[in-house]
Amino acid sequence: MSTTSPVAPATGQAPVRRISYSRAINEAMAEEMERDERVFVMGQDVGAFGGVFGLTRNLYKRFGADRVIDTPISETFLVGGGVGAALTGLRPIVELQYADFLWNAGDEVIGKMSKWRYMHGSLFTVPMVLRLPEGAAGGAGPEHSTCPEAALLPATGTYIVIPSTPYDAKGLLKSAIRDDNPVAFFEHKGMYGLKGEVPEEEYTIPLGQADIKRAGSDVTVIAWGRLVHRALEAAELAAAEGIDVEVLDPRGLRPLDVEAITRTIEKTGRVVITHEAGRTGGAGAEIAAIIAETCLTSLEAPIRRVCGIETPIPQSLHLEQFIIPTADDLFQAIKETAAF
Amino acid sequence: MLTPETKIAIYRMMYLAQQWEMQLLRFLDDGQVSGFYHAGRGHEALEVASMMAVRTDDYLLYDHRGCAHMIAKGMSMVELYGDFLGNDKGSTTGLGAGIVHIADPAHGVLGQSGTLGGGHVLAAGAALSIKIRKTDQVAVNFFGDGAANRGTFHEGANVAGAWKLPMIYILQNNGWAISTPQARVTAVEHFSERAAGYGMVGVTIDGMDPWLVYETMAEAVERARTGGGATLIEGMVNRQRGHYEGDPMTYRPDEEIAAAKALDPVPATRQRLVDEGVLDDGALTELETEVLAEVQAAAAEAQTGTLPGRERLDQGVYA
Amino acid sequence: MSTTSPVAPATGQAPVRRISYSRAINEAMAEEMERDERVFVMGQDVGAFGGVFGLTRNLYKRFGADRVIDTPISETFLVGGGVGAALTGLRPIVELQYADFLWNAGDEVIGKMSKWRYMHGSLFTVPMVLRLPEGAAGGAGPEHSTCPEAALLPATGTYIVIPSTPYDAKGLLKSAIRDDNPVAFFEHKGMYGLKGEVPEEEYTIPLGQADIKRAGSDVTVIAWGRLVHRALEAAELAAAEGIDVEVLDPRGLRPLDVEAITRTIEKTGRVVITHEAGRTGGAGAEIAAIIAETCLTSLEAPIRRVCGIETPIPQSLHLEQFIIPTADDLFQAIKETAAF
Amino acid sequence: MLTPETKIAIYRMMYLAQQWEMQLLRFLDDGQVSGFYHAGRGHEALEVASMMAVRTDDYLLYDHRGCAHMIAKGMSMVELYGDFLGNDKGSTTGLGAGIVHIADPAHGVLGQSGTLGGGHVLAAGAALSIKIRKTDQVAVNFFGDGAANRGTFHEGANVAGAWKLPMIYILQNNGWAISTPQARVTAVEHFSERAAGYGMVGVTIDGMDPWLVYETMAEAVERARTGGGATLIEGMVNRQRGHYEGDPMTYRPDEEIAAAKALDPVPATRQRLVDEGVLDDGALTELETEVLAEVQAAAAEAQTGTLPGRERLDQGVYA
């Protein structure tokens, strides 16, 4: 795991530039490709076109066709080929066009990328990053809109990283690329345009450290990815009613910062867990279970999960808007949890 | 048999599909359409003429490129518009919304896999079902040169060949998968070269020539119905517009786009009808006027639909 | 869902015959194929060979090559082709040789079998059963030994059934075959030889009904599949120390019998959840979360999860024995939970 | 070049692989072996002679059928036995145990995918890596006629052809996938017919003829090293024993098994050396005695290993 410590965005100093979440990701890739010639990118339309969401813009021009590779529509090759390249001295960044497509390479993700090292007696490392644009945005439908991060929870061997801000995205992606283990890196498509402070200077953020996005003492909301922002909005709504909300962003699911979770629960005694994926089988269950195991006696109210709809995500933009928890949904859950 | 009536019917359907799409693009411009649309301009001859050679009870797994195959298969224009408008006039009464998840069991339209290439194996399963049930239906699966490289093609085509399934794979080769030209990701020029390796008949044809498409398809259908097994038809076509509406198309030389547009199969087929003496300009204009009225009526009807409410979301998940 | 009510094994009457778990499954298939000519079986080596674990024995002879189909090693076809057949009037039973192979058809399972109906406006039904031999047995290694049932929790649309006895296996499989929804049917390979009472008369068991395998009042153990038997052993050990254990077998994960879970928690106030899959991302998390949400105030002790090892399952038989929770592991957890 | 020395080296390695396996079967009979074993008897010529034509730094993704390819690639017999005995003498020091998860980075042995066909894409990735790193290595992927029908083959072979990767696919066609004969699930007689569709050279050869295997492989390796791209070599072989040890083989006619055994490549190659005047019986017997001693020494050494303890379980999961 990366050992560089996090650089907090400078405060009270010269203003830090603001760039988008997608630019932050693009910069992380460019800097790491510059730094280490073993790093290369492959995916559908990542070359001259710059990726369907523009994430690989300019990389092709800068690093050439050998290191920025347009692939066919062959997801088992994308992931399995990435593993093969990682086993033989390279450090691939593989972009799937949509996170949902990890199912097209299910065995390559679960059975090969995650297990190869362990099942071959730890004789190899598999230093690869699988970039996974996820989430509901723009009516892309049931097969292009999910947040399948929980699917990788049982895939011991693979780290799971989910940044919620441009700052986190850049710092975490750089650590992921430098890490010798496979990392599934989930980027919410609905945040690509989101701007935030990202220093000019180089920094990395270690994998597996939660971040308190807002400190508070009454109720904890555990949120990641795009829902961090809805949680922060909900916290403002709650503040207006005198409820002091802490928003904890685990910034990923493995390594999971259980200590930070325990700490916040011990502090507030009340917790709402939220994610865009449906409740059943979502990663909120794992976090809820850990809390119920390790700090049940600190709980002063039942655990609440506020999650996306359980059904497949409808294609219709009109219906899509109903599927994701809103700040208001969260605010209601916070109020009830505080009042319990 | 390619009678004059069939030729007229094919042109009529091509023109209708084109006009249907033009009206859809207007809906899109007006911001009334949910999600993405991948225009089918340039693919009409292949999609229409092949579907005119099958029956209502034959199965279709369409692809995302336009809607001409579905229209030619008999789907209602109103339902198709309703699907894009996301309202209850749609085939999925507002739940699907747009291409990817249109369906019509009564016309054998089984739907589409949004993960491209998913249809390769589903269609093979439908073809196996035909064989087990001993009917004389056929199953047709449309896909592009990009989706041809999914592993599912290998698995579907292999059983289709091994078990002589009544299966027809129609590959719409427009040379592009979004920004990626075929030659960058595929060694062979024609995917039909892969057919023999599965024990399928494979042919590459000019997909802009609807007469040829119809005859090739009729032959494949006959083969499938009579136990002769599967066929891969690769139709060479041109994608006239962007991959999706809004695509900047930075990757494609202007001359190539201009050349593609010059080869528009709809006016070319019209001219052919005149040249072959099947219909004169006057009769064609009449036919077109009639079609336009149908399209406009369908568009108007579809717009009377209502958007589904939130309560619709958890309906029908389980049977 | 099936409406036939369950027939409990006769007690105090004429002795009920005892057959193996695998024979029970075989009988269920044979009876349903007899009853409904739309039912057919496909899979690798399921024909004359009778399946690598012998589950389809004699079906080929009885129903012929058209209804008992040997397939190539093509899992995307197995599942996707099953969906295609189910959409067009048949009722396939698809056998994967190992449950782990569902990842080879990840998109077909998650994206097609589970979603096709909903995403096409409920215009179709997908009446298929995916039979999945799961679990560690005989040193089959990391890619042939897992219990991946939790992977399907987010796959709304697909039922998840996991029988723990020959009686349950037969009754549940018959219901699964008759159901108009796709059913993932997990059979533990380590139980194929297990014998139990199965009446001669026809019966079915509705999907989604938990079964109390042992009634008790002090601590609840929620267990399924092979671990039900270890839980029952552990209950005996606990009984010897005066702890009265209730063993609840949900017999599957969807439909999940939340009412039965709530009832037992309200009764005992203490719960140990166990499964063979690793803890992280296992289905125990979902059940723990439900309990922490719905009956937290009934809990008198932290929830305990006793699960399989987190790492990939080692190939070595010698190491394999260490990965699955034993009756003794469960007994310890029960004791601690009771004493809390 | 197939010099007399190479011929002798090939036979020596074939005999060694066979004797190595016979001793392994004794370990199996004694209940000392963890898990399953899929004997390679009948496949020795193909596995050995092909691996004698590559270098130590070339990559190998082997298949589950025997261990002759790994032995010929240079792996230590002790490590291989250790893997089956599940002890710390094994290449995976007891964690892997047995075929499926043997590996040896120093000899380019990258491991195996237990889900058959997983290697098709991993190997293509290794070949891509060679191309990016601009070395002159090659990547070799072994698989059977059964695993040839996995979709991963399509996806791996397609890029191998399109990008002219230094990739060699070796298909061990023994006609059976467990109980399923090739013809029941595949239309073509020879999988090499599929190579052209990917832009690969494809050949079918007698996989029982080690000289031919060696020369065919040497040519493919030369092509791969010099930028000429990928090759599919289909070697026709015979599976002499059950799919796994313990397989009742009810599905296979006795005559077929007898015929397969009669074609044993090990004695046939021995005879050929004599017939060609390369070595006489006396010299061969001497060589065999030497080999037997090596095998026995390796077996003895491997048995001195220790089984790993429970604490080993969570070691080395992460780098």
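Labels for the chains are A, B, C and D, by order of writing; each one numbers its residues from 1.
Note that a residue touches a chain if its C-beta (ideal position, glycine included) is under 8 Å from a C-beta of that chain, and two chains touch if they have at least 3 such contacts.
This structure is a prediction, so every number in the text was calculated from the model and none was measured.
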item	value
Chains touching both chain B and chain D	A, C
Most remote chain, CA-based centroid, reference being chain B	D
Chain centre separation (chain A, chain D; CA means) in Å	41
Whole-Å separation of chain centres (CA-atom averages), chain C against chain D	37
Multi-chain contact residues (two or more partners), chain B	94-96, 101, 113-115, 149-152, 154-155, 158-159, 162, 184-186, 317
Where chain A touches two or more other chains, by residue	71-72, 74-76, 100-101, 103-104, 107, 111, 118-119, 141-143, 156-157, 310-311, 314-315
Graph class of chain-chain contacts, one of line, ring, star, complete, other	complete
Touching residues on chain D, where the partner in the complex is chain B	149-155, 158-159, 161-162, 184-188, 191, 193-194, 196-200
Chain A-facing residues of chain C, complex	100-107, 109-111, 114-115, 118-119, 141-143, 146, 148, 150-157, 254, 277-278, 280-286, 288-289, 291-294, 296-297, 299, 301-305, 310-312, 314-315
Interface residues, chain D side, partner chain C - complex	34-36, 86, 94-98, 100-101, 113-117, 146-147, 149-151, 177-180, 184-186, 250-251, 307-308, 310, 312-314, 317
Residues of chain A touching chain D in the complex	40, 66-67, 69, 71-72, 74-77, 79-90, 92, 107-108, 111-112, 116-125, 127, 156-157, 179-181
Complex contacts: residues of chain C adjacent to chain D	44-45, 47-49, 52, 70-76, 100-101, 103-104, 138-144, 309-311, 314-319, 322-323
